[in-house]
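Note that chain A is present in both complexes that follow, paired respectively with chain B and with chain C.
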Partner chain A sequence: MKIEVLFPEICNLYGDLFNIKYLKDCLPEAEIVNTGLKEQPLFLTEKPDLIYMGTTTEQGQIMAIEALSKYKERIHRCIEDGVSFLITGNALEVFCKDIYEEDEKVADGLGILDLTARRKARKRFNSLYLGEFKAGEKESPIKIVGFKSVFGYAYGENYNNELFETERGDGLNPGVKGEGIRINNFFATYIIGPLLVLNPPFTRWFIKEALMCNSAEIAFSEAAENAYEDRVKEYSDPNTGFYY
Partner chain B sequence: MSKLRFTVALWAAKLSVVALKITKHNGTNFPGVVALKICPDFLRHIQKPRHIIGVTGTNGKTTVCNLAIDMFRADGKIVLNNNLGSNIDSGISTALINGVNIWGKCRYDSALLEIDERSAPLIFPYVKPEILLINNLTRDSIMRNGHPQYIARILTEEIPKETKLLINGDDLIASGIAPSNSRKYFGIESMDTDINECINLINDMQICPKCAGRLRYSHVRYHHIGKALCPECGFSSPECDYVGKNVNTESMTMEISDSGVSCTYRLLNDSIFNIYNVLAVVSLFRELGYRREKICALLEKVEIVKSRFSEQEAGGYKIVRQMSKDKNALGASRAFDYVSGRPGTKELILMMNCLGDTKHWSENICWLYDADFEFLNKEDIKNIIVTGPRAKDYYLRLKLAGLPDEKLTFVEKELEAPSSLRLYPGESIYVFYGTDSIALGSRVVENIKKVITERGDRQ
Partner chain C sequence: MIRFYIALWASKFAMWVYKLRGGERNDRPGLLAFKICPDFLKRISKPPLVICITGTNGKSTTSALVNNKLVSEGYKVSFNDWGANLYAGFALNLMRCVTIFNRSRYDASVLEADERTLDVSMGMIEPNYILVTNICKDSLRRNGHPEFIFDIVDRTFDILGDKTMAILNANDPISSQLAHNSRRVFYGMSDIKADPFENKVKDIAVCPYCGDYIRYNYRLYRHMGDFYCPTCDFKTPESKYYAKKVDLENRQMIVTENGQDTVYPLISDAVYNSYNVLSCIALLREIGREKEDIAEFLKSQQVTKIRETCVEYKGIKYYTYGAKSQNISAASTVFEYMAKEPSDKDVVLLLDELQDKNHPTETLTWLYETDYEFLNSPNIKKIIVGGHMFLNQKLRLLLAGIPEEKIVCVENEADIPQHVDREGIEKVYVLFEIDCLTKARNMRDAIVRKAKEEDTK
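Here is the complex of A and B:
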């Protein structure tokens, strides 16, 4: 199994890279391929089992867009072919049509997602997140917990591919219940940090269904489940404030 | 109208100062809060000292300011400062209110102000330092500060053009702030402990700011602090005007040279943060025109406040209180690195939960995954007790750092944590507490002493 991590030298904020470290703990045989900004991505020559990109700076977003823009068609094809992507935090905005700061366009995105990212220069939007992931018609939804700490949100008129359904906290933007995007096995969410570490039931599903690895058990499952159960309980409590 | 509003604000704030003194509530920002509530641009109108020195950056602001204030005092000079209050706009306002008389006339010639880097947009339009010392820019609170490049951008946009910068040249993020301002740099040439590759999880300066090529570090102190060169375009860390060298943590001295002349100064603490803090203060005093010998003499008369690290003996054990500012991954990493490098058998109590967050929402624990808990995976660390609201998160994080279950103990309540100490003969017990748990940390230390006494009596 090969996991390609895009631009870890800049896409490494808020503990996001622990999504990959944790997958490596769960799947010791997995090979992690770090692709730098000035290197040719692995996905050009083969189909990795997972392509990951994490949260970055605003300048980092521009660099990532520049580095990936010449591979747009290939990325499209990978998504259509069912290659798994996990995109966390503001790396999601790299795949949008464009990025605006206040009312000024600061970058064309890759245009993979029919969304426009709009951010504020001096405002942080911080919240906890509680939502559900619907794995399938017959399966029980999986509770998702996490954190959002962003400069803005994504907006789109034809937005109907949500990854999670929000119970508390903001969706892709404050006006929608849906959070993140799922297209085939392309998973993108504004949730920052170690999403997979904090959500063992989702990680179990992700490894089995998105990475198609039936045999693996998640690492440190007891400790992870204990922390997860407490967090779900805490976030489900109406007395727990959600915004910072 | 604005003058009238300012006068009302000043008098209301002055009245609040009197009320606070009567009720023995000194050292709060309340006067500044009152003034800003009545007159939002209060800082524009209040008369300021003729000379203002600012200190900003992520880590070390308070220590540098306290050292400088003490050195000024030792030199017989009283400078207006905000060391008893906060470093945001209300704290700066409170300091300036204390500096003027009832008619608004400033009674001080000079001020030394610690300035919160995130509050720059509220302060710098009105308070224009002659010299601004920038100690470093690193990750801090995820919610408030985002990332250091974001703070660098704010500072670049807000620092007054006429302000002269005195910057840590070993920090490439700080070095790039406000490039059109005049500046001088301080840095350390080399240290015995230098490495040439970052071993920390946080490494925010991996690529060249000019060409995005991979930077090559000749010296790494911690995280991105060190000296770098871009092999692709030739960009490099700046040449420093104040150069630290021959750092000796046994004799507790460091040479600092400027203008081709070297002088040996006393170090006040052997942690890397505090070595840089001494270098920063010496550089600042040199910029202010102090003679080297005079600075040496003043440094002999000051100490670093020990509220962040203190140790005591109890029944043959050493109990160490180690501040680790909550939600600050880099601060935690430095503390973990420092403690794990100290000799002898150790037990740790981790309780730097953000208790303030518990009241309003739930702590964002992403910072745990930026912090180097891996440093705690050492043979001589025998037991780590995790406790408080986020204890299960600490437990999981330590598991990911490779610590086995037998070295980890979960205790729900902080005050009960000492009961789970194993008390290896002659060991050191470290209590990691945060800014929210200073008082609770002291109570935990008292309970450790009780446990030591009880077990001693039983034997």
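Here is the complex of A and C:
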């Protein structure tokens, strides 16, 4: 199994890279391929089992867009072919059509997603997140817990591919319940940090269904489950403050 | 102007009332002034010397040293040493410096300043000097990321222009890029063979000008070091104050200035505290203090008791040691120190921010940016964690590769003392969030008390 991590030197804020560290702990045989900004991505020549990109700075977003813009068609094709992507935090905006700050366009995105990212002038929105992931019609929804810290939100008219359904906190933008995007095996969410560490039931599903690995058990499962259950309880408690 | 005087008089009256009640450090009078008159900081008269000290880490220690030096000379100094480093604290600080007629009656003001609001606050105060210790990863909720903070601090210098001199850390690839259009001097350090650990995630990895990887001739700690970009001319600027030799064991360093060497004492054996002393020297030299005077003064200085205390019982030293939870760079640096300080030790983590009890999630992201891996060291015999984040701390410690048998995590902090060893260790460190000094001391004392009780049985 090969996991390609795009630009870990800049897309590494808020503990996001622990998603990969945790997958490696769960799947010791997995090969992690770190692709730097100035290197040719692995996905040009192979189809990795997973392509990951994490949260970055606003300047980092521009650098990532510059580095990936010449591979837009290839990325499109990978998504259509069912290659798994996990995109966390504001890396999601790299895949949008464009990024605006207030009314000023600051960058063209890759245009993979039919969304426009709109930032407020350096105002951050911090909140906890509680939602659900619906794996399938017959399966019970999986609770998702996390944290969001964004300078803006993503908006789109034809938005109906949400990854998670929000219970508390903001969706992709404050006007929608849906959080993130799922297209085939392309998973993108504004949730920052070690999403997979914090959500062992989702990780279990992700490894089995998205990475198509049936045999793996998640690492430190008892400690991870205990912390997760405590967190779900806490975030579901109406007395828990949700916005910073 | 009428609004300003109403603000001044109302807040001075409030300050007098608080003082009568023993709350002279309460910054609410400053908040009141700010609410009545939003440009209070601009209108209030300033002492002849106003020094601002900011940066992610080291500003408290450095500003305390600068304050102590000025006070030792007989200066009347107003210093926000109680940690109120935002608008209200500045207003209170400066209000103390003036009469009811807004005439300055102090010699100097030392302002330890939070970076987050620096552009607005210092834009109004217009200090003579701004010393920036460094810019590193800090709390997500408070400070976002280093690039965000850099922009704010840089905007401050753009606003101030030549009114303010910048004193900058040459070894920091981030903050050394500040104040391009201002008067600025740098302090820096030679290769002291610090042998720093590699941080899991770097505060800055690529050149901000061309995007190539930043390289180092040597590193000192975190991203501090003698850096350069192999593609463009981004590199460590030349230091006016250059620590050419640092002897941590004997606690002294030689600083070269205009070709002349001076020996200065250090206040601790930690590299980051050497930087604090060096930055203090640079600032004091810029305001005209003699080298010998500074060296003599430093002999009497030590790390503030807010950061470190120690008691000894039956051959074991029990420390409280400030670690700043949620501040990723500070916590990682302290963890590195725990590994490098050679004593066999138990480490107690009291890192929950009390004000975040109702907001636990941020503490999760900082856990995964902080280098807990550094605690996986043979001289650290046991790690004992208490508080409401105990389950998350346990998971993080396990992910750091620390053997489960070395980890004790308890929700009730009162249970911690019973898990602290007395055999096979020389020291016990209680690492604490710096806003919780009393709690840390109480914990340390409870551990010692438990040891004494065992001896009386």
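By definition in this document, the second predicted complex is superposed on the first by the 244 of 244 C-alpha atoms of A that agree within 3 Å, B and C clash if a C-alpha of one lies under 4 Å from a C-alpha of the other, contacts with A are read in each partner's own complex, and residues count from 1 in each chain.
As a working rule, contacts are C-beta pairs under 8 Å (C-beta built on N, C-alpha and C of every residue); 3 or more make two chains touch, one makes a residue touch a chain.
Keep in mind the model is a prediction, meaning the values are calculated, not measured.
Steric overlap between chain B and chain C is present once the structures are superposed on chain A.
By the touch criterion defined above, A:S221 reaches neither chain B nor chain C. In the superposed model, A:T240 lies in contact with both chain B and chain C. Residue contacts after overlaying the shared chain place A:Q59 against chain B and chain C alike. Look at A:K21: by the touch rule set out above, it reaches both chain B and chain C.
Look at A:N184: by the touch rule set out above, it reaches neither chain B nor chain C. Residues 9-10, 12-15, 17-18, 21-22, 25, 36-38, 57-59, 63, 122, 124, 126, 128, 147, 149, 192-194, 197, 219-220, 223-224, 226-227, 230-231, 234-235, 240-241, 244 of chain A contact both chain B in one complex and chain C in the other. Of all residues in chain C, those touching chain A in their complex are 140-141, 144-148, 151, 200-202, 205-206, 208, 211-213, 358-362, 364-369, 391-392, 394-395, 398-399. Considering their complex, residues 9-10, 12-15, 17-18, 21-22, 25, 36-38, 57-60, 63, 122, 124, 126, 128, 145-147, 149, 192-194, 197-198, 219-220, 223-224, 226-227, 230-231, 234-235, 239-241, 244 of chain A touch chain C. Those residues of chain A whose C-beta lies close enough to touch chain B in the complex are 9-10, 12-18, 21-22, 25, 36-38, 57-59, 63, 122, 124, 126, 128, 147, 149, 151, 192-194, 197, 219-220, 223-224, 226-227, 230-231, 234-235, 240-244.
For chain B in complex with chain A, the residues that touch the partner chain are 121, 142-144, 146-147, 149-150, 154, 201, 203, 206-207, 212-214, 329, 357, 360-362, 364-370, 392-393, 395-396, 399-400.
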